[in-house]
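Chains: A, B, C and D, in written order; residue numbering restarts at 1 for each.
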Amino acid sequence: MRRQIAVLLCFLTGFFVVVAFFIEQDPIPDINEKLDELLVIVFAFALVLGVVSFLQHHSKKIRRRDKGWTSSVISISSLVIMALLGIFESSIRGTGIIGDRTTFDWLFNWVFTPLQATMFSLLAFMIASAAFRAFRIKNIEAAVLMVAAIIVMLGRVSIGQVIFPQSLAISEWIMNNPNLAAQRGILIGAALGAASMAIRVILGIERPYM
Amino acid sequence: MKIGGIDKRWVYLLVAIGALIPIIKPLGLPVLSTPAVEALFEKIESLEPGDVIMLSFDYGPSSAPELDPMAESILRHCFQRDISVVVVALFPLGGDNQAKIALNKIVPEFPVVEGEDYVYLGYKDGGLAVLRRMAEDISIVFPQDNRGIPLEDIPLMQRVQNYSDTELSVSLATGIMGEWWAILVNAQFGQPVAVGATAVSAPKYYAYLKAGQMLSLLGGLKGAAEYETLIGEHYPELKERSQIATRGMDVQSIVHLIIIGFIILGNIVYLISRSERTRAGGRLASK
Amino acid sequence: MIRLLLAVSIILAGSPAEAQTDTNHFNTDSTDVLLADSTITATLVLQLSEDSTRILLDWTLGDSINVILERAGNDSVFATIGSFDPTINSFTDSGVSPGDWYMYRLLNGDSMKDLGAGASVEVPFPIEESRFFRTERTNALLLFLFYAATIVGYISIAKRGAQLFIRKIAGLDAVDEAVGRATEMGRKVLYIPGIMSVDNIQTVASMSILGYVAGKTASYGTNLEVPNKDPLVLATAREVVKEAYLKAGRPDYYNDDMVNYVSYDQFAFTAAIQGLMTREKPATNFLIGSFYAESLIMAEAGNASGAIQVAGTAELAQLPFFVVACDYTLIGEELYAASAYLSREPLILGSIKGQDLAKAVLVGLIILGVILSTSGQQWFADFFIQR
Amino acid sequence: MAAFLTLAIYSFLYKDNPVYRFAESIFVGISLGYEIGLVFYRTIWPNLVERLIANPGPNWYLAIGGILGLMLYCRYIPKISFLGKWALAVYIGYFVGVELMQRLHGDVLPQIKDTMLPLNGPFWGSLQNLLIVVGVLSVLIYFYFSKPHTGILKPISKVGVYFIMICFGASFGYTVMARISLLIGRLTFLVDGWVRPMIALIFGSS
């Protein structure tokens, strides 16, 4: 019974949205908008689940003195510090502009932001090692992949145009023709697959919520 | 950790060295300038000392690596030629800060006086509406400059009431703002507009360049490097300082070549090991 | 998009009444397009009729001259719409359509110089009182009905017990083998459900696959860990994993900490996963769901730690990185077909069959569309996009 | 501080080490702590509490969001843990419905329309159009699941695979530049903001 109600709730909301997509008569668009608004709130509540899980996960490690438990101490303490600063001191409460006055701002500007940027920049190294390892002429498909990558890479930098003058034109052509066609094909296929998945979920054939 | 007999940390190390060398000492690999960039340079060259241009900071920190070098080069070019600059910031998420960073860096390099050779009017919210109002009277939008001095008390602004008193508007823009200058300030008010855009948005802007709604288009790091090269060619005394984008392009070229080199090397290693295995009578490697 | 922003910014700039009309006077002495005439003052006032079908223009001139009125549309290219002698000072433009943007300017009719008077407006869509059905979405309705019908039709065929074939998908055949490998090595299976929330359908598909993987780890008694970036996915994944362990008859193996929470920040999450893969060396990594820039960092870390990696996403930009760094990659549509393939449940297989039929029809429609476009019949293609 | 953290992250490239672990732990904790403040002041407070207090009449429906949110916590109480599934069912149902129509209306229709290209223009242009049509169709056929790829389907799906490979290679090559730009940003920060001042400090400013 409880399960059937879950399936029914999923069906009703899903079906409602599909109907709302076509109907402009009140109150349907209005209800749709309200649903959208209130689901944002559900999402916000879920963060507490995350924080509880985070605290449980790390406190368990600390209790059991697991390998690397000191890291868990650092994680929990920086979470608590940042959360307290965020709630009592932060500029996100007022103007929403991160300035340079409070400890919160300092942590944001000099710890959080550089860590983000640095993690992101690791990609430059990863892309090099992935290319080195993976681009092997094992078969024709792999060769096609590699040649396309090299031509486009040459086409992007000025020295590439010195080495291989046509690379810019060829790489533009690749991007706008075969690349576009394949992207479009994948996109249409994926969209159809997603829609089919959605229909299955709405009909309760697949129940990813239980 | 090893790929084809080579520890992949060697790959990391080479990428890091390849990126660091040009940052520490620019190599000056050739940067060929394109007409789209030359147009702005020549426009500024054609101005007389005392003429005024408007420079708008329409980007935030995420586009800074690409657009900061453009801002610096354009300011240097103008100050070098005694052209006055009216600076504004229209991008809500950090335009103000970028403008201050650029001015703080470039102004000390030249004997320029705030209020006479340049003025910074600060940030104003409102996008298109601001662009529109400035066509009538800049002082409606910015009653005072960033220091809080009323515009009528600023010598430079006594000469400038609206776009028509300036020779050119340059927008360093992220996202849609460059288009606004083209479709409004150029198309409606006839003001020459040049746009510096990120590499991501530049392709979209080519249509405006073709249609003549943009006098010039600087696209991404490459556009910035081209402008730096032009400055270096015409004003050798500025060459040393105008290198940020150029060295960025050096890094790009070098690291691209390193990656391509590693791909080729990897294949040579692969082909050798495969032929050895075949000779040894083994199956053709498949994984 | 441009126009939308225009409308928004105009509204931001003033009251709604001002949003409809906007006047500018200006004098320019240097323009690329036209020489300006600054000797004559001119103003142009624009007003939109109440039903948004006409634009009323009034002008005042500082001198008695002939004028030419020009108009530009969305493309910003000006064209003459009328010339007037000094006795006339207004014009009604009735050739405007809703949703479009118009600019007007006045030229001196004798010298052709720009008088520096211009105005612009975006014509809003008329508010219809009781429009029930969005007619512009007829095409979407037809597609939806057709698609739903083929899928539901095949599902009911499957219900009656028809044998349905599904082709081999390499990445999915590897799932059992990959879990088995972890069991042999006595190491854990790591399942990363992407970084987006359950409002993204790739995550929903990932939850389905997670259910299958969790069922396998439950019956083999292998360790499973599901670290999360999104708290709602955490909640969902817990239900899914718990259910799978229950179904496999091993609820005692399940604990909430298997599905844990890391951080809401994309790169903090990435940093933690990279560390986890390197330190704990899971035997098998599943990277299935919606991924962005972190895809390659995670996949490289997993590759370095020697794990078998099965990836799956429909994010076009990330697919190349998964393909080069993972052992198997589910590409786009394969991700959504995975639950059918893995579970072999007839109903889901039926929906895949229906999906394929619809695809065949679309292929036919594209070919028909190409033929019609080639013979100059654009209406057919245009039907697929209506505003 | 920022320079130290930057180097700490890069040290992972050599091998996993306590310094990286330290940076990772701080990063994880701080980012989640930041999110707590953000969610509270940007969502819960303005979208729920403030609006319910200020104007409960027309905003009553927001309370449903709050109730659904609280239902998620029911999983901690075994007796009513099923309520959490109900909340998830509503949430997933809604967004699955949104995606369903978005994919069909926003992806499938326009992409199909854009593929209906005329083949009677100038020779070169028509050839490119033909290439795009062939590419899209062959990739679509590659994703055909319910028939074995034999007979006519085999060569067609093979062509599809080549298109996909070109696409992946080209996208890969195209992205390299953007990724290196990120690295340039960080290294410039290190060199100009930290190494150069240090050298100047040690050897006296020039």
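Some points to look at:
One rule holds for everything that comes next: a residue touches a chain if its C-beta (ideal position, glycine included) is under 8 Å from a C-beta of that chain, and two chains touch if they have at least 3 such contacts.
Please read these numbers as outputs of a predicted model, since none were measured by experiment.
Minimum number of contact steps separating chain A from chain C: 1.
Listed by label, the chains touching chain B and chain D alike are A, C.
Measuring from the averaged C-alpha position of chain A to that of chain D gives a distance of 3 Å. Averaging Cα coordinates per chain places chain A and chain B 29 Å apart. If you average the Cα atoms of chain C and of chain D, the two centres end up 12 Å apart.
Multi-chain contact residues of chain C (touching two or more other chains) are listed as 137, 140, 144, 147, 198, 201, 204, 232, 235-236, 239, 262-265, 267-268, 271, 279, 316, 319, 321, 323-324, 331-334, 337, 352, 355, 359, 362.
In chain B, 8, 12, 15, 19, 252, 255-256, 259 are the positions where the chain touches two or more neighbouring chains simultaneously.
For chain A, the set of residues touching two or more other chains reads 18, 21, 42-43, 46-51, 54, 68, 112, 115, 119-120, 122-125, 127, 129, 131, 133, 135, 145-146, 149-150, 153, 156-157, 183, 186-190, 192-195, 197-199, 201, 208-210.
Listed in rising order, the residues of chain A touching chain B in the complex are 124-125, 127-129, 131-133, 135-138, 146, 149-150, 153-154, 156-162. On the chain C side of its complex with chain A, the touching residues are 130-134, 137, 140-141, 144, 147-148, 151-152, 155, 197-198, 201-202, 204-205, 207-208, 211, 228, 231-232, 234-236, 239-240, 243, 256-257, 259-268, 270-271, 279, 293, 296-297, 299-300, 303, 314, 316, 319, 321, 323-325, 331-337, 339, 345, 347-348, 351-352, 354-355, 358-359, 362. Per the touch definition, chain D reaches chain C in the complex via residues 9, 12, 16, 20-21, 23-24, 27-28, 30-32, 34-35, 72, 75, 84-85, 88, 91-92, 94-96, 98-101, 103-105, 108-110, 112-113, 115-120, 133, 136-137, 140-141, 143-149, 164, 167-169, 171-172, 175. Chain A makes touch with chain D in their complex at residues 2-3, 5-7, 9-18, 21, 34-51, 54, 68, 71-72, 74-87, 90, 92-93, 96, 104, 107-108, 110-115, 117-125, 127, 131, 140-142, 144-153, 156-157, 171, 174-175, 177-195, 197-199, 201-202, 208-210.
For chain D in complex with chain A, the residues that touch the partner chain are 1-2, 5-6, 9-10, 12-13, 21-44, 47-48, 61-62, 64-66, 68-70, 72-73, 82, 85-101, 103-105, 107-108, 111-112, 114-115, 128, 131-140, 142-143, 160-177, 179-180, 182-183, 185-186, 189.
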